[in-house]
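Both complexes shown next keep chain A, but they swap its partner, so chain B is in the first and chain C is in the second.
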Partner chain A sequence: MVNTGALSRLPSPALPPHICSGCEFGPHKRVRKYDIGITSGNKQFYFPKYMTTAPFLEQHASLAAGKRRYLHSISSIYSTEQMRRQMKQHYLDVLHSCLQSGNCVKAFGRAVHALARLGDELWLDPLAKGLALRSVNSAHSAYSCFLFSPLFFHKYNLRSATEKSAEAIKCKLLMKSILPLFRLPSIERTVERFEISIEEDLVKMKFFCKHGIVKTHNLRFQESDALQAVFSSHLCPNVLKAPAKLLSDMVMHFPVSQEEITLSISAAKVSLRNYFERGNGHMKLMHTEMSLHPDEFHYFQVGVDSDITFCLKELRGLLTFAESHCLPVSVYFGAAGKPVCFSIEDMVLEATVVLATLMETESRAPSQHTATPLNTTTSRCEVEAPQDRSGVEQVASSQGSPILAPRLSLYPSQIDLPCGQGDPIRTHAPSPAPSLVCSLLFKALSQAEDAALDPKVLVGVSDEEDVMEEEPQSPPL
Partner chain B sequence: MPLSTQSQTNEEFYVLVATLDNARNLSNILKAIAFKDHAIFSATPNGLKVTVEDSKCLQANAFIQAEIFQEFTIKEDLVGFQVNLTVLLDCLNIFGGSTVPGVLTALRMCYVGYGYPLTLFLEEGGVVTVCKINTQEPEEPIDFDFCSSNVTNKVILQSESLKEAFSELDMTSEVLQITMSPTQPYFRLSTFGNSGSAHYDYPKDSDMMELFQCTKTQTNRYKMSLLKPSTKALALSCKVSVRTDTRGFLSLQYLVRNDDGQICFVEYYCCPDEEAEEE
Partner chain C sequence: MKFRGKIIDVACLNHFTRVITTISKLTKVSVLRLTPDNLFFILSEKVANGGVSMWCELAQGNFFDEFQMEGVTADDNEICLEVAPESLSRALKTLQNAKALKIKLTKKHCPCLTISADLPTLSSVSRVVTHDVPVDIIPRKLWHEFKEPHMPDFDVSIYLPPLKTIKNVVDRMKNLSNFLVLEANMSGQMNLKIETDLVSVTTHFKDLGNPPWGDEGSQRDCEAMAQARLDIRKLQQFLTGQQVNPTKALCNLVHHSLVHLILLHEDVSLQYFIPAVA
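Let's look at the complex of A and B:
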């Protein structure tokens, strides 16, 4: 019910001409035949005819023209017809298809490139919550997922879930057949619209380019089990949220050939350094270490001091993507051995990379030429007191962090750890002994997601149901 | 920079003398058709025609009119010989082919006649090189009998759009299928590779389409390996005309502008893929 008293105190708002769809108020009126003209003073206002029968206006015949106009503008925004239109857009339809504009093709292409750095195959998963692109590397130690929500697309139609209940399409494409379609510098210039649809056994990609040229690519896909990693990011003790360029600026200092890096976190700082195996002429390699003060992060939470070592190569794709979209990167991790998750999100897309980390019982650190050996062989996270390093040149951080004296701890002498990241687990939980193991949270998505999702089962083998530890189910990535 | 007159004493013995201030005007065009070692040269008073053939299915011709040359003297109506094109290109680029502006390699090409080598005088920055390349008996180039009256479909496109398509073509496909039709899809390039098929459609009202004359719907397949060399000519050209005739033979004509803005033509003739038609 409208309180006319209150309304009479309202000044008539100056409406921009386009505020009401279909009706224009302003200097360039478009008067339709059925519009009703109402004169108020010197001005004439036009309303669509149906407005005169609108119940709320009928009861308030004394409303001035300006007030009616105002009410009409509000009502058209919230009209049920418009609501219905909007809901229809989000409802599931008959075809699997989505349309994008040219600008979005760039984001899509960049996502494909980032995934291509990881593995040779791309999983396309149209879901109600969006189109998911996933990839995993051959050693199954790295997984990445880019989820584009329906809002990313101009139109997103999914075959309704009720028709094919458990048979949602899960298609796997070869990266080498899809990557050449998205040549990054040129694609944003030439493609105006992009359509992707998944039919019986084909993924159809249509690029509508400039000058009316249409490129259609029909790619055959293999049906396969879904690929999904289960990672309880909310259970991670350590959480960082870094501004967009911070991490990519840091990894820029490592040579492209650097395979693995170690991220160390403590209450005082976060540091990144390159990782190398002992006994491989480590003294001849260039050692790089960078430290960041907690203030440089948007969010900094340290639950357990730890050093995690993971493969840098597979992360670069995501960092490039985050930098190009100016999105902050969140890092979730725990102690060494547990996977680390890097994720970015904005309104229309989410991307995550889950990497396995080296699990080791011994600590590692670059040795210094003036170092004094320590007796301890315990893991690094237990070494509390920072020690001074003399003779080491320290470079002031460009971000303005205070220069911190890095902690010194040395190699324990005894055990030679094998190089590389080890084999994916197939059976049970690894023993904590010196064997180097990568644990990973993958589980092939079986149709019934009932079992307590086990964080230690790996991807690709849907029949394996190794239930080791009971952990609360976390939302799949 | 014109060459010195040291060879003028032999002038009367040469049946063909062609001089260019910038040898690149010739070498760039020849690179566009250099997919085989041997080339047949035919010189007439109108200019020079160089032909390269492959397995009797593909023929490439480069036309350099007499007007392009600073001097073009020919004593007979037709002078023909065959040389190793790779060697000729190496000689034309003997000074390293640097792209420093202002530094040009001048060329004087002389041919005495049947049985004599082709003599090239190249000069750059005061240094003169003389190359003598052995010639062979010219083979008769295949006559594809492609005449305008048999042409069913003709399309002239700006090379920009085709360049992109050709660079993205799926190389795992053995054939390139060209569909030309007065109705949808007006001009379509299709490949059928390992991962699936791809289609590039050019509408007849596109701004890239300069001329569209299609009388009937034709779909022909050509071996990708045969058409691959034409991408070099496409890269140099600004316009390309695609014609097919009643037998399905393909004619690609490329309009190439050289460094001085003069126009030369390169054309490719290709036979349709017979095996595909039998399927």
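Let's look at the complex of A and C:
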């Protein structure tokens, strides 16, 4: 019988605990009788025989049997947090040795391609929650974010905020300098490992390819404020969760040149049709319409019958990504004019695309052509008065996933985009209040980083321990 | 004027789609003529096309399970529409796995060919996809432009070598010159020639065989070559569009005047006329 009391009074050792990793020997477990017993003082300790011959103890040949047993006794009282960290690292090592590194590069490359469809610039944000890649289109009517959690990477090192200045690194890169690095068909065949690091003013990307070739790309970035669209996905009355291929099968019926489509939802069905501006020309174009039954969706919630019109081109990137990873796509939207959010998530990554939609009562002037159709949308999109916001809001992340996102609103026209030297220039900001919110977002980000130092739960579901306050949480899908 | 057709068989749908895709590669706008037994895709000779014309005939029974049409009047029991084959092709390509495909002539915002299909899904209810392809109705007074072309009074008629081979040759030749001379004789020999200041290239084909049209062949000297100088891009456009190997491929040459290409499949025949340039 192991005497718990005596064990707990033993002092903690100076030796690293890795010797005993993986062998939690809780005091509540019964020890069978062994031929090895030692006495210390007037207490009797019995230890299982395997401990004397454990391979991890053999590394230290100079240890006598007694010392080994002592170490074993220490392990049972050592901090479980440290144990968890080691077990997690062991798990990750196993995981990464099973996964081919090529897959990671492919997913990363696909994410970059999906973002490239949206805008000309890529924002890279290393956060404690993971590496976020974001992009916004020039009309500020579409926003996309791909968040790769640390589990996605073999090693994820984020220098803590206390070491450098309080601001995390926010870098902005030109899409046309990143996109050619990830040529999709060839990248998974030739690249075995991929490293990305952000230093003083450089983003360094190293591709370790076959035959010992190492390609290093140094890209200078512009320091710029983080970009974020805030979106209250759990306030949306209409929620759909579509299996992986469903939406891409649907959009396949529309020509690649189709700019905008209209999604209509009612209790009986969901239908998609292409959208044409009024005016000449629309008579001559092919009209396509299709409808889906609610049964085809994993989850179907219709709060308000609505027709929303949004830009299809910007969405295709995400749908291709979802299809290649076989992930279901969640859609959150409301009435026309309110933005629509498409999101996918799995263990190691989350991706979101938020698109502005056309207002119902809008009548387009025929001279405005579909080159950038949503320009007009943006300027006419109603700004929600921020009266319902509390002073400081903690922002979860850019994912907008329903479980995590607090109640936030989308201001597509007020995304804070600095240009040039980093002076923030407010775009379409009718009142100072939204800009105040934007800057609060950044502060909140850095606070959240500090808070996230406690170890993550081991298992793959990224159960994030966000600090959420009074906001009500949406029901999980 | 009414038209309804239904295709159920997957292979028929596939074949139909391929025919329409071929037509879409040959021309942007085509005339579709519907009769109770056939469908015709017609491109009439116009300066805008560069003088090429096309005539494609499909027997409706080979594709459609149901085919009902009512022409303009009982006497003129035909429908003539102007349509963009590319839209049709695009609509059909995405519906390849449909359980049933229906084509109808309808009037929505404008006269349309409505293609609707039921797609199989995992749930019990099948998905309905509808494409509306806008068309223009051609009035009867213009119908005379779209009659079947007469077989030209050719000098040489010869079977073509495999289309892929000619296509490869013509693709390479296009880089060198804009004009190509096609010549052939009644002994089964055909040459493709280009000539520039720097270089001249000729590709010879032998033992091609000549189709037996009757007694016209005997009046000609078998070795005499009939030739026609063509714009190479038109020939290339014709060859690029071909997706299926035809059962028979012929070429009729009128010396210095016209090249008439005929492709015969089991249920489709395609005739293409390329005029010679000086």
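Convention: the second predicted complex is superposed on the first by the 260 of 477 C-alpha atoms of A that agree within 3 Å, B and C clash if a C-alpha of one lies under 4 Å from a C-alpha of the other, contacts with A are read in each partner's own complex, and residues count from 1 in each chain.
Definition applied: a residue touches a chain if its C-beta (ideal position, glycine included) is under 8 Å from a C-beta of that chain, and two chains touch if they have at least 3 such contacts.
What you see is a predicted model; the values in this text were computed from it and never measured.
A simple residue count on chain A separates chain B from chain C, and the partner touching more is B. Touch criterion met: A:296 reaches chain C, while chain B stays clear of it. Looking at the shared chain after the overlay, A:144 reaches neither chain B nor chain C. When the shared chain is aligned, chain C comes close enough to touch A:287, but chain B does not. When both complexes are overlaid on chain A, the residue A:202 reaches chain B alone and has no touch with chain C.
Residue contacts after overlaying the shared chain place A:174 against chain B, while chain C stays out of touching range.
By the document's definition of touching, neither partner reaches A:238: not chain B, not chain C.
Of the residues of chain A, not a single one touches chain B in one of the two structures and chain C in the other. Residue ranges on chain C touching chain A, taken from their complex, read 87, 90-91, 94-95, 108-110, 112, 121-125, 127-134. On chain A, the positions that touch chain C within their shared complex are 252-253, 255, 283-293, 295-296.
Here chain A touches chain B in the complex through residues 173-174, 176-177, 180-181, 183, 186, 190, 202, 211-220, going by the rule given at the top. On chain B, the positions that touch chain A within their shared complex are 161, 164-165, 168, 193-203, 205-208.
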